[in-house]
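Across the two complexes that follow, chain A remains constant while its partner is chain B and subsequently chain C.
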Partner chain A sequence: MQFFGTTEINPSPPAVTAAGNNAHMMYIFNRNGVCLLYREWNRSLHTLSAQQDQKLMFGLLFSLKSLTAKMDPTSADKVNLGVPQLPGQGCSFHSFRTNTYKLSFMETPSGIKLILVTHPRTGDLRESLKYIYNLYVEYVVKNPLYTPGTPIKYELFNTTLDQYVRGLG
Partner chain B sequence: MPAVAPRSGDAIFASAERVNAELFTLTYGAIVRQLITDLEEVDEVNKQLDQMGYNIGVRLIDEFLAKSNVSRCVDFKETAEVIAKVGFKMFLGVTATVTNWDAEGTTCSLVLEDNPLVDFVELPDTCQGLHYCNVLNGVVRGALEMVSMKTEVTWIRDMLRGDDAYELQVKLLKQIPEEYPYKDDE
Partner chain C sequence: MAAIYSLYIINKSGGLIYYKDHGTASRMDTNDTLRLASLWHSMHAISQQLSPVSGCFGVELLEADTFDLHCFQSLTGTKFFVVCEPGTQNMEMLLKYVYELYTDYVLKNPFYEMEMPIRCELFDLNVTQGVQKDRVALLGR
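Let's turn to the complex of A and B:
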């Protein structure tokens, strides 16, 4: 019996399938913390209400971002932890991985945050997030009926997104 | 692999889907004409054009960022260059020059030699106060507001009023830092 030193604490999730279906969920936030979109593909456990779950995710990213900037060994102009940063100021992270999932994150200068939670063994998803941002521009921003800053409720965007995410290896 | 921000919008302009320039010019003209009929006051028309531009700008910024690969600008000087060289080229097909910087580096002018909005346009005597291209003000202001820069945009020169170029003055009022948006945890 072994108590410490195991590299994998939980049994690892099923291996990545090349055919896709590796994504768990996706969030899109704007700068004001409004969750513009939440999509879920494989999520067996819900512990919080949707609203609290989204708030927690946004808070995690916000804090993690200011922590990563604070730890940056290369930048000379340090801001104190908790002091608001200007957009684009400080470095940012693009993904983190736990033994059960991987979270990929992209933030645009306009404050749109794209978060994709996938299988821990998926590769670099930065290009994919960029592609999803382009989908958002084409299907949401260019829709004259969409009011910027409100939750997205468009079937066409959802199906296109589903289709793309399903194909991610 | 940090993507290198483009120094010009030529490539994006070449690959983008475009509409016929005359159709664009005439459609814009029809909008301005209709606004003058509806609102009667020239000042109101200016205000309305600015508002329309603002609404365009807050959406346009995302398309600009998605397609141009511009990630961040180190200062307002670079921002102005990117607007003039990449932004204007991408959406209007022309480039502007950035001049007249003030000492603090917060005010500059975007000078347009060529402006596709004003082909076929002549201001009649009744509309002398009209800023025909006021929509551009709003676009620049709206787009910059989305990247957390509060600006004030005003026309300095206007060829329709007898000047030799179009000059837009952009003044950076303040940059808004990123705040944690939720007030308290309930």
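Let's turn to the complex of A and C:
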């Protein structure tokens, strides 16, 4: 797996194919599983409490990552199922699709996990997630008042994110 | 290089009842395939819980860095999933075809016990044929 060494610090936002309100929700987790950010735009179904929902999401991603690392048909040396791996080690995944939604996933070298849940017909969102990660770096990490590992509560970050996500095709 | 790496069939309680390897870099042992199958069963169930809208039937396609996983769940809860090269087309067709073979050669076999591992020569043979690359292309009916 290759981390985005070639990406410049401030890439221009990827071109939007068709404007529309396609995003359902967004999660950002740090490497300890703390949910730094949860935003939802149109979510009609809430089966669990917010905290349980976030825990379940983190658990799903963690287990899916061990599944893909073990299942990887192209490599011969693999660790046992369930052995924790560092970000970037082993075969990861970038999205999955069900009949009602598509989940796009990105993990940064520092273990930050970005999850965007959208309409099942949306295309590849890897570039969009990189852009959102850049928003996070610019608006949150570079904020001197921010303590790493705490939930993000910045108006400017939220509005910029909302605006960007609303334009996703 | 194979377009299709492996095929799994799991019963409604998550037990692996059929596994066929079509050329992965490292053959997994039986225990690992059983673990992967039941792990997939749970991931499939959790993905339904996390849906933002109602009416979710679980993961259909998982795109990993080095492979794609296509999953088809029959009405009775049996799951068929295939691990293939990224971007392989017509996999839904192949899975439905395997389902057809399963109903014909496995379920209609009077010696087959429900939910138990599949040991039917004819099914094996037909699946292997169906998985051949050229067949996959022909299945676009």
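Just so it is clear, the second predicted complex is superposed on the first by the 152 of 169 C-alpha atoms of A that agree within 3 Å, B and C clash if a C-alpha of one lies under 4 Å from a C-alpha of the other, contacts with A are read in each partner's own complex, and residues count from 1 in each chain.
In this text, contacts are C-beta pairs under 8 Å (C-beta built on N, C-alpha and C of every residue); 3 or more make two chains touch, one makes a residue touch a chain.
Quantities reported herein were computed from a predicted structural model and do not represent experimental measurements.
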Q.
Going by the contact rule set out at the top, does A:His94 touch chain B (first), chain C (second), both, or neither?
A. second
(Q) By the touch definition at the top of the document, which applies to A:Gln85: first (chain B), second (chain C), both, or neither? (A) first
Q: Give one of first, second, both or neither to describe whether A:Gly59 is in contact with chain B, with chain C, with both, or with none.
A: both
Q: Figure out whether A:Arg166 sits in contact with chain B (first) or chain C (second), or with both, or with neither.
A: neither
Q | Greater chain A contact set [chain C / chain B] | A | C
Q: Could you give the residue numbers on chain A that contact chain B in one complex and chain C in the other?
A: 59
(Q) Under the definition above, what is the set of chain A residues touching chain B in their complex? (A) 31-33, 55, 58-59, 62, 84-88, 108-112, 130, 133-134, 136-137, 141-142, 148
Q. Taking the complex as given, what residues does chain C use to touch chain A?
A. 5-6, 23-26, 28, 32, 35-36, 39-40, 42-43, 46-67, 69, 83
**Q.** Parts of chain A lying in touch with chain C, wherever the complex brings them together
**A.** 1, 24-25, 40, 42-45, 47-48, 53, 56-57, 59-60, 63-64, 66-68, 70-78, 81, 91-101, 103, 117
Q: Would you pull the chain B residues touching chain A in the complex into a rising list?
A: 58-59, 61-63, 65-67, 70-73, 146-148, 175-182
